[in-house]
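A, B, C, D and E are the chain letters, set down in written order, and residue numbers restart from 1 in every chain.
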Amino acid sequence: MDTGAVQRDPAEAGGGQPPLLEASGLKMVYGGRTVLAVQRLAVRPREFIAVVGPSGAGKSTLLRLLALVEKPAAGELWLFGRKVWGGGARAGEKELLQLRRRLALVLQTPVPFRTSVWGNLARVLGWHGQAPGAPESRRRIRQALQAVGLADKAQQAAASLSGGEAQRLAVARALVLQPQLALLDEPTANLDPGNVALVEAGVRSLWLGLGRGRGQGLDPHPGGEQELRPNPCGDPGGATVIMVTHNLFQARRLATRVLFFWDGQLVEDQPVDQFFTAARDPRTQAFLQGKAVF
Amino acid sequence: MDTGAVQRDPAEAGGGQPPLLEASGLKMVYGGRTVLAVQRLAVRPREFIAVVGPSGAGKSTLLRLLALVEKPAAGELWLFGRKVWGGGARAGEKELLQLRRRLALVLQTPVPFRTSVWGNLARVLGWHGQAPGAPESRRRIRQALQAVGLADKAQQAAASLSGGEAQRLAVARALVLQPQLALLDEPTANLDPGNVALVEAGVRSLWLGLGRGRGQGLDPHPGGEQELRPNPCGDPGGATVIMVTHNLFQARRLATRVLFFWDGQLVEDQPVDQFFTAARDPRTQAFLQGKAVF
Amino acid sequence: TWPGPAPLGGFSGRADLPVRPGTVQAAPHDPHSIVVASTTSTQDSGIFDVILPVFEKNTGIRVKVVAVGTGQAIELAERGDADVIFVHARASEEEFVAKGFGVRRYPVMYNDFVIVGPAADPAGIGGGKDAVAAFRQIAAKQALFVSRGDNSGTHIKEKEIWKAAGLVPKGGWYKEAGTGMGNTLRMADEMGAYTLADRSTYLHLQSHLRLKILVQGDRILFNPYGVTAVNPRKFPDVNYAGAQKFIQFLTSPEGQKLIGEYGREQFGQPLFFPAAGSDL
Amino acid sequence: MRDIVEGFRQAWGLIAGGDAEFWGIVLLSLQVSGLSVAIGAAVGVPAGALLALGRFRGRQLLLNAVYTLMGLPPVVAGLVIYLLFSHSGPLGFLHWLFTPAAMVVAQTCLAAPIITGLTAVAVGSLDDNVRLTALGLGASRWQVLVAMISEARYAIVGALVSGLGRAMAEVGAVMMVGGNIRWETRVMTTAIVLQTGQGNYSMAIALGLVLLGVAFVLNTGMLVLQRAGEGVRRV
Amino acid sequence: MRDIVEGFRQAWGLIAGGDAEFWGIVLLSLQVSGLSVAIGAAVGVPAGALLALGRFRGRQLLLNAVYTLMGLPPVVAGLVIYLLFSHSGPLGFLHWLFTPAAMVVAQTCLAAPIITGLTAVAVGSLDDNVRLTALGLGASRWQVLVAMISEARYAIVGALVSGLGRAMAEVGAVMMVGGNIRWETRVMTTAIVLQTGQGNYSMAIALGLVLLGVAFVLNTGMLVLQRAGEGVRRV
């Protein structure tokens, strides 16, 4: 069952900042076409990575692979220090589940479950073994809904939400889990500037590990002035975030590092400042100028 | 059947710029909640209107009403000089269809029909009585696919498109119809800057009436330099566009006039320059600063 | 014996045509076919497979057997949907004629009913010949008994025997099944119960059953089959001529011989006994 | 035609009359069919969802087999169950033959493939993003299954309605394994056959109308329940 | 048990043997059931889609009625059709009684509600945005209907499979209006009943297996066709 999952060399795992995620030769093929082929990618804990690139470049495909909800056609993938795929081995269903429970994926298309807004979050908590009616669960649900501005719509049928509301619900479902790794696929694409700021603040709080402690609620309306700072208590709870976005301003605002995909290839991988000022690949430059059409 | 539809006063209809669309007291109620109530709205031909506002403000609802795919709870609506709803009367099914055939609606959620990309466009043309195999139809399909950068994916199953590709397909389905009125709901929300530019160019071409004449294809990669000018032949073919967008830059780039919705109310209705520089309502100002959260 | 092909006038042109499946367009007024309403137990006995090919070859008339419940068979004919009825419920047949739906009932053959039961024979009826006594015994011992309960010929006979015994069967031991002969036999077999069965169905199912014949040969157990043509004065477009030929054939020496021999090979005993011209 | 009209009149008479035997038959029909559908649903809904979601070898073949079993002739089902439960059969020791238990087994065999197959269709018709969303939020296989069933519940109610229809209308199998014993195993369909065989057409039609009425009430109940659980739903 | 095993052997013998009567029965079954499902689909698919999409008064009631008719007992259907086509019935002049034509009518009556009801479920389960998209691009009511049917085709094939299952397994109605006349109206199910009645259990099971085999081939054909039309499809 779990033969495919190998514990990383303990020395390395205990080291300063071992990678949270490592992929090599990761490949995805749909209908005979290779839509993604990543030579090497390593993500350390607490990074905030923006994934950018033209439509169809393979960004969503990458996220599905990293979330372990799809199996790559080839390549190796290590996550949380465990080997998930590679070398003919594959993790057992049980191990996959354990790993998935430490992350949360928000798909590009929000899929509200056919129940109330509150029920959507309660269900997700239930999957993680949290009694949805417990005070702690209720607190977390309330907090997550506030974080995306849906607190007053808790009882509405999720299927009747507007496009932007549905998207915020999808983000709230991930936030309520307080995952170690958040994989977000264009989570603000359908939002107006005000709500973009709100959702960004929620994601940043997750990244910084705010609101993880009991009772330490997220500020629902953080505003622009008040800067968010990492949890002063030294709580290691901050999450790693990998976020697909087509909004370059957003990438700049939030990310510590930017990956640029082009036709399934990772052509640029830079810290955020270098990415915008000193991109190496000409395709990246074209993209930044809004000229790259794939 | 058609008793509800009344020809506008011919004198007025023949006048300089009679409204293409006129609404008053238009109201929509979902589950007992009034989500839209528009006092008065008139749109003249060839306007390019951006509709902005926080998530849940009723923008998509407005578009569905204007596209005649939903019936308002109350109010009057005139379209193309015909009274559609109001005063207890309603247009017959046949008249509604005739009116709908002059417009095209792109929903916020792209729904690719389960056939090929090409088949999606062919089907839509088929609805309008165009033989999908005819050379003219094929030319138009090719042109529309080029306009959104999907020409090389014509044979792919539409259900397997990426998020941005699906959105561009939805735009192409509207472009291929060359409608007099295009109602677009956040058509570039899931697109990267390059593809945003591409789709914007396609929409502008439609607005300007380019590519309407036979053989006068759209420039697939218009680039940023080359300014698009209205059809020099004086062709009256240019379309009216009403586009929901959360991208204020886009509104500024494209629109001639901006409507700002807040909680179902039309609180600001200004020419584009005034909107960004001299908005009257404080809520509009808050929104423009990214602080308005509904 | 029966003459060769095309024995009777009127159909000589077609008599020798081979009958091919699927080519006959059935319609009630088709002069080249007749509809025979019969019972499932008659059809289940398999005798039609022996008689009909010879009749069809001799006359060129296709016989379409519609096998249903006894009551339903008569009902079919009373609506003009059949040309002949071939059943074993003498009283009902005679009523059918009396009401003017049938022309006349002709006796064709008989077989007999047998009382079957478990080999252990808890009511101790085995070996005897007296059906009425056996029924009394069963009732007295409250031994399980399965009745057809469907107003079929068999059921009517059973009720006749109970009546002769002066009993009204009732109680947990008396199961009113409301189903066909085969099902009833299977049920009695499973329950270790007695039942009244026609010999032919019993012989067909014998290999699947543990039931034994315990009482047979009583005159009250005779099971006469009659054939009656539907009255053309009631329904002008019935195929009366064809019906007549069918009756003639069944009661002819050739037909009677076929009937008398059927079953000898398979079961070592005939299933039916010729009865044309008798008073059964 | 007269019989049809007469059938309506008699149906009314039966319902109004309060005859104990008639109501006993109706009740037994409800119990047998209801239990069969309940068992069929308990097995068929998860099985159907698994068939739709699983990625095991032979899945498609199995699915085709289930579709095929939707067309299992009741007489064959009845015969096979009879042979299994008969005294010389492997399950003879249960002594279920000619009792309602065997009838439930028979109807379950007929309803379960329908419920399974149509659930598989219902779950298989869902957008794959539902599955990916659940997986990506940490749902286990079973939790995904439950979530998909919940999302497809509108169509699954359709599957249950079909299964109930099959179970209630069926006669060949219950006749064979139940025996249509008066006061014991007689249900509405076997009673109809009995009346028909005796030429009592109008009574047969009357019973048929009552059966349809019962099915109508059950279906309406299911749909109302389903819609109540739905909250706001477009129509 | 012996009979079940023997049934498999005999099924093989029948198929390999090439007996004209046997193949004639198989062919007639296919023709009658196939035609019934074809007619049922021609009526039921559009009707079901209309029931799902329409906004007329009494729609829900009608839908419930269709669901209820899924449970129409075949004997009742057969009886009513018999009365209509009987010599003394209103349609007696057609002389369809005891011909395959009446059998087609009977099976159509049984298959059509299933196809209609399940199509309504299939179309009703679609995202409402499909409908709005089509309307907003200028589709007429009928074009919307066709588009919705096309989007729901995976589930509609499920509806057809169910309808076919019902038609092929059904015996009470065809027995009644067809009469199970040898060479003319004997189909597989009525032949099975006949064999069972004569105590030829293994032959009955053999015929049942052949029937299931035929259904399997038909279903597989439908699914292959459907999948071919689907292009790329997730599983």
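Keep this in mind: a contact is a pair of C-beta atoms (placed from the backbone, for glycine too) under 8 Å apart; a residue touches a chain by one contact, two chains touch by 3 or more.
Since the model is a prediction, treat every value here as computed from it, not as a measurement.
Shared contact partners of chain B and chain E are absent; no chain touches both.
Summarising the inter-chain layout, the chain whose CA centre lies farthest from the centre of chain B is C.
Taking the mean Cα position of each chain as its centre, A sits at the greatest distance from chain E. Measuring from the averaged C-alpha position of chain A to that of chain B gives a distance of 33 Å. Per-chain Cα centroids separate chain B from chain D by 49 Å. With each centre defined as the average position of its C-alpha atoms, the distance from chain C to chain D rounds to 36 Å.
Shared interface positions of chain B, i.e. residues touching 2 or more other chains, are given as 30-31, 109, 156, 160.
Among the residues of chain D, those in touch with two or more other chains are 176, 196, 201, 232. For chain C, the set of residues touching two or more other chains reads 68. Every pair of chains meeting the contact definition is listed here: A-B, A-D, B-E, C-D, C-E, D-E.
Those residues of chain C whose C-beta lies close enough to touch chain E in the complex are 19, 21-22, 24-29, 35, 40, 43-44, 46, 64-68, 79-81, 180, 182, 204-205, 207-208, 235. Of all residues in chain E, those touching chain D in their complex are 1, 3-4, 55, 59-60, 64-65, 67-76, 79-80, 83-84, 89-90, 114, 117-118, 121-122, 124-125, 128, 152, 154-155, 157-158, 161-162, 164-166, 168-169, 171-172, 176, 188-189, 192-193, 196, 201, 204-205, 207-208, 211-212, 215-216, 219-220, 223, 234-235. Considering their complex, residues 64, 67-70, 93, 97, 100-101, 103-107, 109, 111, 113-116, 123-124, 127-128, 156-157, 159-160, 170, 173-174, 177, 183 of chain A touch chain D. Considering their complex, residues 30-31, 52-56, 60, 108-109, 149, 153, 156, 160, 162-165, 168, 185-186, 189-198, 221, 223-224, 246, 248, 286-288, 290-294 of chain B touch chain A. Contact residues on chain C toward chain D in their complex (touch as defined above): 68-72, 74-75, 149-152, 175-179, 183-184, 186-187, 189-191, 210.
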